[in-house]
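Below are structures written as structure tokens.
Shared between the two complexes below is chain A, which pairs with chain B and chain C, respectively.
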Partner chain A sequence: MTLGKTKTKEEVIEALHSVAAEMHDKMLKGKPPAMTLPVRTKKNIQFDKKLQVYKYGKNKSTRDATALGSARVLLRSLHITEFIEDMIESGKSSTLREMYYISEGWGNGKFGTQNESNNLAEDLEIVTKCIREDFKLRPEEDGARIIGNVTFEEKNRKGEWMRINCRDDVGDSGYGVPYNVESEKLRLVEHDIDFVMAVETGGMFDRLVENGFDEEARCAIIHLKGQPARSTRRIMKRMSDEWKKPILVFADCDPWSFRIFASIAYGAIKTAHISEYLATNEAIYLGITADDILAYDLPSDDLTKSDLGALESELSDPRFATGWWKEQINLMQEIGKKAEQQSLAKYGLDFVTDTYLPEKLAALGLKY
Partner chain B sequence: MNKAEEISSKQKQIAVSEFFEKNKHFLGFDSLQRSIITAVKESVDNSLDACEEARILPNIHVELNKQKGDKIEFVTQDNGPGIPRNAIEDVFGKFLLGSRFHAIRQTRGQQGIGITGVVMYSQLTTGSKTHVISKVKQESSAVIVELGLDTRKNKAIKTGERREVWIDKNTGKEIEQGLRIRTIMKGKYQKGKQSVHQYLRMTSIVNPHASISLIVRDKDGNIIDQGNWPRTTERLPRVVSEIRPHPHGIHLGTLQRMLRESGERKMTSFLRHNFSGVSMRAAREILGKAKIDEGREPKRIKADDAQEMLNAFQKVKLLSPPMDCLSPIDDLLIKKGLSKAIDSRFASTVTRNPSVSQGNPFQIEVGLVFGGDLGADGPIEVLRFANRVPLMYQQGGCLLTKALESVDWKRYGLEHPGGRGVPKGPAALLIHLASTNVQFTSEAKEAVAENEEVHEEIRKALLEVGRGLKNHLKKSSQRKKAKEKFELVNIILPEIAKKSSEILARPEPDLAPVITQIMNAVFCEEVLDWDKERKIATCSIKIYNYTARARAYTILAKWPENEDTAMVDNDRGGRKETKGIWAWRLDTLNPGTCTTIKFGVSGLTKGDWVDTDIFFRGNGEIIGATRIDESLLDEIRKSEALIIAEKEIIKESNNLEPLIDRAEESVQKDISTTILESKEGQLSLSEWEVE
Partner chain C sequence: MTLGKTKTKEEVIEALHSVAAEMHDKMLKGKPPAMTLPVRTKKNIQFDKKLQVYKYGKNKSTRDATALGSARVLLRSLHITEFIEDMIESGKSSTLREMYYISEGWGNGKFGTQNESNNLAEDLEIVTKCIREDFKLRPEEDGARIIGNVTFEEKNRKGEWMRINCRDDVGDSGYGVPYNVESEKLRLVEHDIDFVMAVETGGMFDRLVENGFDEEARCAIIHLKGQPARSTRRIMKRMSDEWKKPILVFADCDPWSFRIFASIAYGAIKTAHISEYLATNEAIYLGITADDILAYDLPSDDLTKSDLGALESELSDPRFATGWWKEQINLMQEIGKKAEQQSLAKYGLDFVTDTYLPEKLAALGLKY
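Take a look at the complex of A and B:
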């Protein structure tokens, strides 16, 4: 795994070649070519107690060329391998979507849907123990925005390191986190903050920025944009690891927002192979909680059937297996309500920064 | 005319139109939509019947032109024998003149009120006369006449009669023979399941020898609907002969009338000459059981004795009535008819052997088409026919539908929720009941009435086409699997080998053992094609051995063998296994090799042969072929022998009158029933060769 430390060109190519070699060796022995990889379904996701994150279990599946479908996937893997090797050699990169369109020219190796190509790229990450950054593959999903007194160095297109302070060198929309936030691309230089505040919705992010909350509360504010992208989770993890600052998650009070928190703190199924590099165990859920709905008498909506189902399944989810979460979920089931972050505006635009957040932070011992 | 006469004639006049008025619902003129269908039906059925009798391949054209209000101009034209000048009046002007009214054989007529009803309906609704042009071949010119009805005298009113040379407007040529009818009636043209279009489409399916066309125009002369169903065969339906009634189907009233009208002097001759299936021996036995003296004069038999006779009829073994009074469509022609009207992937048809119910010969034919353009969501299309006439109403209450619903279609690959109702899926099912006496549920003749024997026969036929469908579905899924495997080893695998070798800069591996591992089976793939130039249907059977050891098989293929066809271009030789099945020996088929058997069949037309079965004999399965069932072959052989035996007995019995009595007692009865049960498909074992 190259997270944290860079793999050389040669190492990546060698890892990819080992996939082709597994197939070639099988054929030399008169056997159908195959590729072995962990089962990537919920069934094979286990909570790693030591790392406190979700990882793939021991179940392996062999994709071999005894059926037409899997044979096609093997052929595609070889085409991707060749494509990545070409990019590495020529110093290019492409988005996953571009690769999907490029595959049009791969004849029988072309993809049916983009989902197929995305999944296969992930498969290759898993079997080669590389990450897509090594493969020069970029996602479409854009990374987070950050505002606050933190300073990064980012390598620009000319290959020069650029110093950026996320308070002084950016506009109102903040610093845009690049897709690759590994150390060969991004360095965490210095900071003058007490904590990181990760915000689910754009509306609340803009409210906090307008109210100057970053300076007032000495924090960096990150906009998650819903379910956070890989790079967003990774940069939070690095700030937590390298600066040892608490990550506080501020989201809506509904079961889906709880899951956003869970993926930040413990990992997600699709990226379980790199959970320990993406998940920030120390992250804390700040609000909005079910308690808050009652305590602040917030405007709320009824829980839908699917909300209730999601809550129920969270009760058996090890990521919510703490007394505090159980209490919150039970309370929510009891009152049958959910509330948005912006419902705090009931008490005026400044209520969130003047009253709500200070009170919540004080409860955590973070005074300002 | 005095006052009294006047009154009485007026009453009569009221009576005939009242009769029409009162019985509109079963005469088919009860609604504006229905009336137009009925008019087309009366006219087209007549054209088909007339052409059939005159042995002419029918060309029938129907034209409907909307007029102001809800009036429609109705035109039909055929190329039939025409109607002689002096008969025109009676045909169009008298009710119930059907020429075949009392004959016992299968005809389309006898369904409705006849063409006179159309004349009457037009006159009553619009006052229009019916214009008729009739050309008989032997005469030099056509008769042109306008007809109305004198309802008082039940007689036609002829006006404007003249003779003219009849010229076809399109070709400018003289029309040699045919009949054209034109009138104006109230009606409403509608599309859909119950429409003129559907009626003609269905008619064309069961009359593949007819070319039928339809044009419908709106008030302004724009074409709003049309159909064109060209003939798919030049073969006319066979001539049906009339038969005498069979004792098992006779009612007391009819029997008494026959006795009364009989000129016979003795009861034995009365029975033998007026009924079919009654031999001398049987006549004696009947009379003995009924305690009637053989010498008595039929005219003097009273009701009590007639009733005794009726009872005796049921107790005595009788010959079946002759079956040449029926005119089945023939399964190959049903297939053609269906495929011209419906685009599908698969068609399976069955013509059952004739059977008897209460002395009435009947015969069931069934056709199933599946796949292609057919919609997959709703219930399948049910096409019901009685004596080649489409039944378009009361589907649910019809025996044909009920028999269809009684089959467990899930077992044959159709969706059948709860095992009830009409199954769902991309299929259409045709059921044809041919009978000398179709029993309907009501006078309207829209639905066939319950009858256990008919029900059973339909079921058997349906099960047979059902098995065909199941077989087809299994075959196509096997074929799909085999196709995928071929693609895998022939295209994808070599590319994997090439690409991985390129990436690793290694030599390419030998794939033969890999392929054997992946396939580990023998595959068979057959392709049927049509050689346009030589007019030969071709069949090519490829056998691939993808196993690790050499194989030896006998490959057998089904082919449409009959008097007109021959096997050609069969370079591999082989030998005839039995009628319709050819066999080739494959001595060694080495691992990783493939061999092809090719042959052609002459004497067919394009589309005749679209599906075949491949069988094998030998060790190890072949994907895409079925292991030949030796016991089935054996059965086929036996039934073929029986058919030959039957033919011989019939030949003899035609020559030697006394033999009938002997034959009926045991042999023939047994043989004919055995044949009915065992003859499935067209295979016969007359030329069976023992290995």
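Take a look at the complex of A and C:
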């Protein structure tokens, strides 16, 4: 996969045509058309030590047209190919939900559930080595918000490049990251920051903004909005690669937030075919840690049964296979507690920026 | 309640002090301090025919310090008063979640759950006739996004007024509405639109934006993000009042979307004390209607049991007590179907802007 290099329209269309051509060739030879894909389950996920991200393993499954279900999938791939080609020609894009409804007109190729259409879009990414953005398909999820002294250029609907500084040209809610953050749509122009602070909750994002932390600490603040969208992970990866800035993740102390970090740093199962393109291996988990719950005597809640199960499964997850993570997870199991970022407010609204973050950053050698 | 007129800091502090003063007076007279509030449940909600919005009825409940639970509420009110005063003095604001954690330091006044702190903030709105924005308290919910040729001025963190045109000065994700849209924070400067189109789903918002519907139809498009935040309802109310523009609501055809419309047009139970300030009585439900499901032969899903229950309860809801709504609800019950906005994609990505919306708008006398 040639990542980093944006594909031209022609390259994307060619890649899609080659899927159809392969089916056609097989049929000419009297063989049933087929499509071979990696098995996309947790069992076939391997930690790629060289790339330091999760990738699919060697297990493959083949869909050939001798079975009805597989034939239907192949038919759908051809319909999607046509649909994507139309969008590329007409400069349109579509939500995955819209594609699901558009399939109403595809006869036997009609999707039964949206899950089927989402999965097939990902399958096509794998076989064509393109990305969803090349296909002009987008999710409905909201992108991140960014505040700080960084300047982007975004290509607007009229094809003009708009220059937006995420401190001076936006309101309090910040710059809204679009779904496509590839270089054809978004340019990282300039910055005057020392690091990027990715924040899990909106309340904490707003706190850091109100307290002027972006200026004080010379950073860009990103609101992750829970499990981050692809565009959010991708823009952090680009800031890390192009600006060589550390990405620090500031989240709640609970097993689900640890997974947010893991997906940022090492990738996620559903997008393992493009992990090296979405995951920022250099990302650092800043807090809240189990240590912090004790050190700062934070208000905490008891771990639920499902929290405990998630922690247990993280202990066997290669993404958490470091001494530091094992210690943190073991400590959480021991104290049986979790805590939210906003629990720092116990000590007042300024504690997080006056005390907590300076202490945590100093421990990383980032002084301000 | 003097709505529309922004209160000064001094007025807000005075209003809060009067709550404390009343308690103090009672104690001086040897009586237990008390606070009287309207009962804030569905049973005590009445449709105010003059204002055409939902308001609290005549049932009151009194909390006096002779019961432990009530005494605790009064204690908390005093702590909150002090906390709000501090924020006003220092130019800060706080999330409701932060206030919950801050109460850790309030001894017997500590909140047990966040629900308690949220409710008390609303109670204080009622007794002081201030609004949450006056108290510098804000929710964590995301505000709306707006795209279109409207210009706002937002006061930024440095106290400077920033001018933002929601078509020319923003990226594809639009202008993010801040939590406080009162005149002290946001000014409606100028516009060149004929109406406001409030859209339920992000997918449809993006569709209208990509298709250039805002320019084509001369409108501002607002993404409601499901059940709209207070700031979203308030900014629509202001656009309706100050610019005299119709607010059209474009949502899914299901009972929950009808409730979104009702909260925009007539108010919601939790905020019935400020309905006339949040609700835009002139708002019009554009679609998707049950009629549309049939007329456009839209892909639809069967109504679930809980959908049917919600429809049934809407039939006895004064907000839906018009002939038109009754017809629509009855028709839905009859066909047993619901449909999403994005199901219009069955006919292609342009159908909504080329055919559906022009036809619906023409029926309202809005041609473009």
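Rule of thumb we're sticking to: the second predicted complex is superposed on the first by the 365 of 368 C-alpha atoms of A that agree within 3 Å, B and C clash if a C-alpha of one lies under 4 Å from a C-alpha of the other, contacts with A are read in each partner's own complex, and residues count from 1 in each chain.
Methods note: a contact is a pair of C-beta atoms (placed from the backbone, for glycine too) under 8 Å apart; a residue touches a chain by one contact, two chains touch by 3 or more.
Here the structure is a predicted model, which means the values were calculated and not measured.
In the superposition on chain A, contact of A:Asn108 is made with chain B only, not with chain C.
Using the contact criterion defined above for the overlaid structures, shared-chain residue A:Thr201 touches chain C, although it does not reach chain B. Once the two complexes are overlaid on the shared chain, A:Gly348 sits against chain C while remaining clear of chain B.
Contacts of A:Thr271 after superposition: neither chain B nor chain C is touched.
Shared-chain residue A:Leu74: touches chain B; no touch with chain C. Of the two partners chain B and chain C, more residues of chain A are touched by C. With both structures placed on the common chain, the touch criterion links A:Ser240 to neither chain B nor chain C.
On chain A, the surface touched by chain B in one complex and the surface touched by chain C in the other have no residue in common. Touching chain B in their complex are the following residues of chain A: 17, 20-21, 23-24, 26-28, 30-33, 65-68, 71-72, 74-75, 78-79, 81-82, 85, 107-109. Per the touch definition, chain C reaches chain A in the complex via residues 87, 92-95, 97-99, 101-102, 104-105, 138, 140-143, 145, 154, 156-157, 162, 164, 169-179, 201-203, 206-207, 209-210, 212, 225, 299, 340, 342-346, 348-349.
The part of chain B that touches chain A in the complex is made up of residues 484-485, 487-488, 491-493, 495-497, 499-504, 506, 509, 511, 513-514, 516-518.
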